[in-house]
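Two complexes come next, and they have one chain in common, chain A, joined by chain B in the first and chain C in the second.
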Partner chain A sequence: MTDNAETSYDVLIVGGGPAGQAAALELAAVGARCAVIDEQARPGGQILRQPPVSFAAQNWVDENSYRPLRQQLRVFENQAAIAWLGRRSVIGLQPGPQGHSLTTSGADGLQELSAAHVLIAAGCYDMPYPAPGWTLPGAMGAGAMQTLLKAQGIVTGEPIVFAGTHPLMLLIAAQISRAGGKVAEVAFDRSLATIGKSMIRHCATALRNGSLLGEAGKAMMDLRRAGVPVRFGRPLQEITGADRVTGAVFGEADHPETTPCGSIGLCYGFLPQSDLPRQAGLSVRWSSPSGGWATCHDQWMQSSVEGVWVAGETTGVAGAPIARDEGRIAGLGIAAALGLITNRDATRRAAPFRQSRKAAMRFAAMLDDIAAPKQALDRVAASNTTICRCEKVSASAVRETLGSTTDVNAVKRITRCGMGLCQGRNCEHMLIRMSAAAEGRGLETMKGFTGRFPARPVSIADLLEKPLP
Partner chain B sequence: MSKRIGFVEPPAPIHIELDGEVVEAYEGESVAALLVLHRDGMSRRDRDGDARGLWCNMGTCSECFVRLLEHGRSRRVRACLLEATDGMRIATGSHTQDD
Partner chain C sequence: MKKIARRSVEHWTNSDVFLSDIDFLVIGGGLVGAASAWHLASAGTKVWLCEQASPGHGASGQNAGSLHFQIERRFLEREDGVGREGEQTAQLSRLAVQDWRDLERQIGRNLGVHMEGGLMVAHSAQEVRLLETKAAREQAMGLAVETIDRAQVQALAPYLSPDILAANFMADEGHADARIIAPAFADAAQSAGARLLDATRVASLQKRGALFEARLEKGEEIQTVTAAKVLICAGIWSPQIAAMAGLHLPLFPAPLTMNATARTAAFLPYLIQHVGRRLSIKQTAAGNLLIGGGWPSRLHRTGSGFDFSRAPALVPQSLTGNLQTAVETMPVIGEHELLRSWTGITAVTQDQLPVAGEFPSLPGLFCAAGGSAFTLGPTFARLVADQMLERRRDEADALLSVASPARFESLNGFMGR
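Coming up: the complex of A and B.
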């Protein structure tokens, strides 16, 4: 990849993670001019978030499961035909001179880029789980702790508690423990019996994916060796502290148990990034069971808007191997649409990626079943916790308003829930769940906030500035 | 307390100013990482005076906005996407309330 100052390309790819890289490599191989835009300085996405170039990192994400992704990243970085546009947020997608145009925002202000095709491979983010006390410094998404470790070599306040429903927290806790961080406890919301039932339901898949399960088993063993308790059926009740996190309260209200800690990582699942697709009017669907909006697509990963394609977690959170397969399929689909390869060629070359995607989907469905956050979310919906962090709106204030209207855009205007700097990324999923419950409707029938420009916060000064002709 | 661990070997240290206090940092390190190291992850106080912390470390939650003071301007930026450079001046909202 090379830094590049062009403003017009055949293909613009939003996101330099496994999906975006895979698509760019397919496209570069057939001579398409493509650029990859990312908020980070270096490619990798969140899963392979890289330390600054000036850091010499040893044993950086050296677990086996990362190996194919690391290899792809190396090839991507060495492919000179791909333009790398890092340190930029994409804030808008609209019709442009060549088909589509993207507005980006960076340290030097805004820039317009245009292309015949745009691929959105924007990834996902930690579900903002509104446990009472989650706004305290030291309470964060488990993924935030992992990226602080991977990309910055930093362990958050010790000892660390992990709480949630998603098994990924086992791997994160083990990574932190192996790196020399002190973990106090890993607490699964659901009982081992419930998780066991999910595994039995998917037992054929579990057997076929022995190596992935083995990784979770190894994490458990490493944690046990380090003396870290892994507990099940242990719902988080509250995060305590005055100016920062000092404890995590578990158990039932009548006999609470507190684990003292310096920080807590919450891991209840992941939501697809959906701001840009929704701002551009792409069709989306509610993503069960974790929630959020997955962008709809056809078999070549093209969205409901011609020339706009999607791949990876943007289409529903299913893990990096699937993201990579989808990136390859989208890359081949775009190459065919550009006339660089025949449809027949694209079909033939995409076949193995479709095959591996299908197999990996079964594992993703098992993980979804194990990690289902509904019970944990129902608990906080009934509490008095702050669900909108930016405007500090409580679940109880939202419940009160839901008595008069269940339209989420109306609730937003009345309570200010979702009106802050995060643009609803933190609270919308909770509001939708609460609204659906109040109305007795299925989540898949719900409508979310109206997507608007800009898809990321940008200063008004930057919006007003115009380049000289 | 947060700490640095040994798997990365950072280059020679630089210095940035965090709320008027000079702290050691490394070129390219994120300002969010420095908030974790020096402020327990605290980025601001909300309108009730409650301490607030960064949540996602990936540009999504908008909780880590700080002010970058440069060229006679004060610019609001997400600390998790801001790389430290020598002499950089940062003001968090830890001592003042939301504006």
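Coming up: the complex of A and C.
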């Protein structure tokens, strides 16, 4: 990959994770001019987030199952035909019949880029879980904790508690423990029996994906060996502390148990990044059971708007191997649309990726089932917790407004829930669930917040035509 | 549908039309519809307020919330802009000032009304002359507007650019909170006895004998209701409703752009506008700066017309043009972050004047739409309600004469029924 200052390409790819890299490699191989834009300085995405070049990181993401991803990353970094536009946020996507334009924002201001084809491979983010006390310093997504470790070698306040429904927290806790961090406890919301039932339902899949499950098993063994308790059926009631996190309260309301801690990693699943797709008016669907907006696509990963393609967790949270397969399929689809390969060729070359994607999808469905956050979210929806942290709107204020309207955008207008700096990333999923429940409607029939420019808050001085005096 | 017991409405009519289910059907739950329903219900009549989504779904929940009573820039652009029409609009503005001053008390709800003054600024000598002519006209029309010079502008609002040569100041101007206003009026209307039908769309409207019959659709549920009088206040959708009744209502959609910054500590008590450029700036109670002024956005299209179901697309030149104008007027804006740009659609007529009153060719059918119906909305609602209730009717007719749908009779004369 090379640094590059062109403004017009055949293909612009948003996101340099497994999906974006895979697509770029397919496209570069057939001679397409493509650029990959990412907020991170270096490629890797979430799973292979890299520390700055100047850091000498030891044992950086050394799990076995990451080997193919690390290999892809090396090839990507050595592919000179791909332009790498790091440290830039894509804040706008305007589809047009004559090509699409992207607005990016970085240290040197704004830039307009255009291309006949745009691929959004923007990944996902930690689902915010608004347990009472979640806004205290020291409470964060488990993925964010891992990001601090991977990118900066930082361990958050110790001891650390993990709470949630998603098994990824076992891996993260083990990584942190191996790095020397003290973990107080890993607490699963659901009982082992419920999780077991999910596994039995997906028994064949579980067996076929023995190695990945093995990874989780190994993490659990590592944690046991380090003396870290992994407990099940431990619903998180509250995060306590005066001006920072000092404890996590578990159990039923009548006999609460407190685990003292310096920080807590919340792991209830992940939500697809959907700001750009929604801003550009692509069709999206609610993803069940994990939540959030997944962008709809056809069999070549093309969205409802011609020339705009999606791959990886933008299409639903399903793990890195699927993200990579989708990236390859999208790359081949775009190559065919550009006339660089024949449709027949694309079909032939995509076949193995479709096959492995299909197999991995079953595993993703099992994980989804195991990690389903509904019960845990219902509990906070019925509480008095703050659900919109930017505008300080409580669940009870939302419930009260839901008495007069269940239109999500109307509730937003009336309560300001979702009007703050995070642009609704934290609270929209809760509001949608609460609103659907109040109206007795299925989540799949709900409408979300209207997507708007910019996808990230941006300095007005940067936006201006003329430099400021 | 349950038949509702008919009730007496003698005070507004003496005819024998009394077989309707309800007295009034108000179509559209924007500011105008919700406020009209509140007035009508407060008079003791049976009112239904029908809204296809939820109150504030249309322009009333998307606008800038400016309470601007000075003659608008768009009128100054027209040669006769400060003529007879300007005079009548100024009269409505005077009433609107009084209405807004007392609105929160009257409906017993917070509307975020701040009336601490507004400045319309000028950058060039030519614009200063425009300000002076305008202020003279306004004073003659009884609007308390004064021209202040650069030093006075700086004393009043030191955060404005030193390049600003003069401003018109009007102490009554300000803003109110567009987020909450339509829901607040809808709530007040319900407390006064009106029935709100939300997520309910009027799907047909026709006159049958002396009554109006409307078909209302809520998802799969369909009901028919008859009303003695109907008020169309469906914003940009009003022409569709008028067409259901076989009438022309030449209102056009105008897609606009708004920008909001992240919150910042309170520093701006005034409404800021520009006499020569499209601009409005204000700070909300929450602290966000709202920047607008009528910059265009782009309507999506369907095969046969414009698509109102999608938010108009942002036009990049409008975004930067609007923010550039804002920074040139108030440099400190450049230090803030843009949090969100949104687009909304308002309704305009070819002559830029609002539409409010009864259709001469279909008595009993009223309309209130178009124009700056945030600032003037509560006043339109009050006067049209008076007309419908036959209460101080002559006075209301006179005040609304500039807006009367009678000016479309040249078109509606061709419409057989």
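The rule is short, and it goes like this: the second predicted complex is superposed on the first by the 460 of 469 C-alpha atoms of A that agree within 3 Å, B and C clash if a C-alpha of one lies under 4 Å from a C-alpha of the other, contacts with A are read in each partner's own complex, and residues count from 1 in each chain.
Note that contacts are C-beta pairs under 8 Å (C-beta built on N, C-alpha and C of every residue); 3 or more make two chains touch, one makes a residue touch a chain.
A quick note: this is a predicted structure, and the numbers were derived from the prediction, not measured.
K.L.:
Between chain B (first) and chain C (second), which, if any, makes contact with A:C203: first, second, both or neither?
P.N.:
Neither partner.
K.L.:
Quick check on the superposed pair: does A:Q46 touch chain B, chain C, both, or neither? Answer first, second, both or neither.
P.N.:
In the superposition, A:Q46 touches chain B alone.
K.L.:
Kindly classify A:T405 by the partners it touches after superposition: chain B alone (first), chain C alone (second), both, or neither?
P.N.:
After superposing on A, A:T405 lies in contact with chain C but is clear of chain B.
K.L.:
For chain A, which side has the bigger count of touched residues, chain B or chain C?
P.N.:
Comparing touch counts on chain A for chain B and chain C gives B.
K.L.:
Identify the partner contact of A:L136: answer first if only chain B is touched, second if only chain C is, both if each is, neither if none is.
P.N.:
A:L136 sits against chain B, while chain C stays out of touch.
K.L.:
Just checking: does A:P457 make contact with chain B only, chain C only, both, or neither of them? Give me first, second, both or neither.
P.N.:
Both partners, chain B and chain C.
K.L.:
Look at A:T147 in the shared chain and tell me whether it touches chain B only, chain C only, both, or neither; answer first, second, both or neither.
P.N.:
In the superposition, A:T147 touches chain B alone.
K.L.:
Is A:G281 touching anything from chain B or chain C once the two structures are fitted on A? First, second, both or neither.
P.N.:
So A:G281 only meets chain C here.
K.L.:
So, does A:L421 touch the first partner chain B, the second partner chain C, both, or neither?
P.N.:
both
K.L.:
Have a look at where A:M221 lands relative to chain B and chain C in the superposition and call it first, second, both or neither.
P.N.:
After superposing on A, A:M221 lies clear of both chain B and chain C.
K.L.:
Touching chain B in one complex and chain C in the other: list those residues of chain A.
P.N.:
On chain A, the overlap between the chain B and chain C contacts is residues 420-421, 423, 457, 459.
K.L.:
Spell out the part of chain A that touches chain B in their complex, as residue ranges.
P.N.:
Its residues touching chain B are 39-41, 46, 51-60, 87, 89, 125-126, 128, 134-141, 143-144, 147-149, 151-158, 179-181, 242-245, 262-263, 273, 389-390, 392, 420-423, 425-426, 456-457, 459.
K.L.:
Quick check: in the complex, which residue numbers of chain C touch chain A?
P.N.:
For chain C paired with chain A, touching residues are 53-57, 61, 179-180, 183, 187, 198-199, 261-263, 286, 310-311, 313-314, 316, 319-321, 323-324, 326-327, 331, 333-342.
K.L.:
What does chain A use to touch chain C in their complex?
P.N.:
That would be residues 92, 94, 103, 281, 391, 404-405, 407, 409-410, 413-414, 416, 419-421, 423, 450, 452-454, 457-461, 463-466, 468-469 of chain A.
K.L.:
Which bits of chain B are touching chain A when the two form their complex?
P.N.:
1-11, 26-30, 32-33, 36-37, 39-43, 46-48, 50-63, 65, 75-76, 78, 81, 83
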